[in-house]
Amino acid sequence: MKRLFPIFAVLTALMLVYAAYQALLVAPTERTMGDVQRIFYYHVPSAWTAFLLFFVNLVASVVYLVKRNPKADALAMVSAEVGVVFCTVVLVTGPIWARPVWGIWWTWDVRLTSTLVLWLIYVSYLLLRRFSDSAQAPALAAVLAIFGALDIPLVYFSIWFFRTQHPQPVIGGGGSIDPRMWRVLLINWMAFLCFALLMCWSRYRLETMRREGEEAQALESLLGDDRGSSAEIKNPKVALNRSGQ
Amino acid sequence: MTDATPIITATNVIKQFGRFAALRGVTTEFAAGKFHAILGDNGAGKTTLLRIIAGLARPTGGHVSILGMSPRAACREIGYMAHPSLLYDEMSGMENLRYFARLYGIDDDKHGDRAIRMVALDPTLSRPVGQYSQGMRQRMSLARAILHDPKILLLDEPFSNVDAQSAREMVTLLTRMRDAGTTILLVTHQASLLEGAANKFVWMRAGQVIECTSSLSPGGTL
Amino acid sequence: MHKQSFTGGDAMSLLSSTTGGTITRATLTKDLRLEWRSKDALNSMLFFSLLVVVIFSFSFDPLAEESRRIAGGLVWVAILFAAVVALNQTWARELRNQVLDAYRVSPAPPNALFMAKALGNFFFVSLLEALMTPLFIIFYNLRALGPAWQLIPIGLLGTWALVVNGTFFAAISLRTRSRELMLPLLLFPISIPAVLGMVAATTAILTGENSAHFWIVLLLTYDVVFTTACLALFEKVLEAE
């Protein structure tokens, strides 16, 4: 398993290069928007990847609450972190795309705004993990993940309805997509998925090593204590005196 | 000498807080109707063990069985007292007990009244608990713990910051309760107070039970 | 010989009286009584709400025509900030002297405690709203052009939406550093659909330009979903050591 990692890393790098080549040079130029539309090949796959990762986080959180499996908790943490990274990409590429095309940085576009709220929820998730003690963080964060998942449909519908009352431009374009563009989109998504998997994998390994290190340290500190003091405990009265009576 | 039936059993209990292992495989039993003193230095794991038995913490490994059930399932038979008073400073003693009695499904004043009298306090005292002396507060906290007539009483450092006279009176009261059938587990580092009162002394160090003795003098190993 | 205090019959009646309802009521009356005894917290909260209204009135000129359009948003944002101050106090009394341990060690169901705290918060935030809303009406010369009675369900549902999650996240924040900052940090993102609903509904009624129906249904859905989630998961939060 360990040897697979560098091979996979190289593969991913190659895929990313190929995908970029496809997106920037091979894909046909969009009729109305021109070359700026190519950002679509980064915006959309990032969104799909982020959503997938947050879904993984939800499942891992539920598994943790039910089974109390520390591996599930590690997976939840990792998928949330990488998910926020991809979500940030979505939020940055959205306005970059919108500005030259429609002349405004932000609209109340349903998908983009829902993604913003999703990003906010998961940043608060990461902050909760950072601000709580290591013993409690897993359960609390898992609960928050469930709340976030319940919230997202409500977020989407509320913004969607709000938009029907206040119509504004749609980022991301509606209508059908040229099959050649679809192909490039999927290639990019594959590359992004591999990249996400790579990041999760390495982060997961890091986290597992950190936890194992903690356990080893805990065990070691106790063994060290033991060596010096076992002799004295044999006589309770001595122990009594040492407790400061 | 054989122990009476164990009412609390701890089997290989492990508790890890990140880098620190507070309990490292504790296996021990507590007999019914006996007064147990749990002793050891700071950091020995005494409080952690007691909290796990009370159901306030979950072990990382191993398990605890009380009357054949998990600690949470046996909660009705457990009374818990710690160094913080676990009382509302803004209410009087009787008001506090009246409320906590509700948590146990008791809606009369009899239990609270009796508990307060048992710890030699006045049930009609209307002063808020926040204005009590330390000794009075400890006694009221004990009253709260015994309010629902639990079979098992868990006390964590009940004598800290209490004057010697109050501490002795509390030990006498606890001994009386033991004689009436209550199982007592008392964590303290002031072992001398319990000489002659406790049936069994459990010594802990660095997250393990080192030995159990029946008295404080050397050579009295069970 | 162990003193038998409970017979079988006693045990059964004990079981039935430890229902959530009794404990919720007992906890709620205790909290209200304690709050009444020392009105410090209540008075400072009321004064804070007043300050928020005044600051908003200075910042968003009440005479301008646009202010009337955004009044719905102003009122609810002001309520949101005042509510956070109240919500941060939810568990303050239980934190002192580790009273929460006494609750956890008892057979009382955690949900009974949660409902009592949530209802108590609902009462207090409603009190704050009762102070702030008339002031807004006065400062901004507000008048509802749509069906004004709908403002009542909007107010109730919106307040409960803030309070139910606020009480829950206040409990989560107990276990964190920067406790009082953590509460709004967790509450605001999750509350976005509810806040949008409250504001849009109120604006619809005030301007009379749209129907508030969708928003009322949204708020109702939000309340049902999250009240269920809070009741289902509160125990996990309480038991997190």
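Per-chain residue numbering starts at 1, and chain names A, B and C are given in the order in which the chains are listed.
To be clear about the criterion, a residue touches a chain if its C-beta (ideal position, glycine included) is under 8 Å from a C-beta of that chain, and two chains touch if they have at least 3 such contacts.
What you see is a predicted model, and the numbers here were worked out from it, not measured in a lab.
A.B. asks: What chain lies closest to the overall centre, CA atoms only?
C.D. replies: C
A.B. asks: Identify the chain pair with more contacting C-beta pairs: A-C or A-B.
C.D. replies: A-C
A.B. asks: Using C-alpha centroids, which chain lies at the maximum separation from chain C?
C.D. replies: B
A.B. asks: If you average the Cα atoms of chain B and of chain C to get two centres, how far apart are those centres in Å?
C.D. replies: Here the centre of chain C sits 37 Å away from the centre of chain B.
A.B. asks: Starting from the mean Cα coordinates of chain A and chain C, work out the distance between those two points in Å.
C.D. replies: 31
A.B. asks: Please compute the C-alpha centroid of chain A, do the same for chain B, then give the distance between them in whole Å.
C.D. replies: 45
A.B. asks: If you look at chain C, which of its residues touch at least two other chains?
C.D. replies: Counting only residues that touch two or more other chains, chain C contributes 239, 241.
A.B. asks: In chain A, which residues are in touch with two or more of the other chains?
C.D. replies: 133, 135
A.B. asks: Under the definition above, what is the set of chain A residues touching chain C in their complex?
C.D. replies: So the residues of chain A touching chain C come out as 65, 117, 120-121, 123-124, 127-128, 131-133, 135-136, 139-140, 142-144, 146-148, 150-151, 154-155, 157-159, 161-162, 165.
A.B. asks: Okay, in this complex, where on chain A does chain B touch?
C.D. replies: 133-135, 214-215, 217-219, 221-222, 225-226, 229-230, 233, 235-237, 239-240, 242-245
A.B. asks: Of all residues in chain C, which touch chain B in the complex?
C.D. replies: Residues 1-3, 5-6, 13-18, 22-23, 26-27, 30, 34, 37-38, 93, 96-99, 101-108, 239, 241.
A.B. asks: Enumerate the contact residues on chain B facing chain A in the complex.
C.D. replies: 16-21, 24, 39-41, 189-192, 201, 203, 205-207, 210-211, 213, 216-218, 220
A.B. asks: If we count contacts the way the header does, which residues on chain C are in touch with chain A in the complex?
C.D. replies: Residue positions touching the partner: 165, 172, 175-178, 182, 185-186, 188-190, 192-194, 196-197, 200, 210, 214-215, 218, 221-222, 225-226, 229, 233, 236-237, 239-241.
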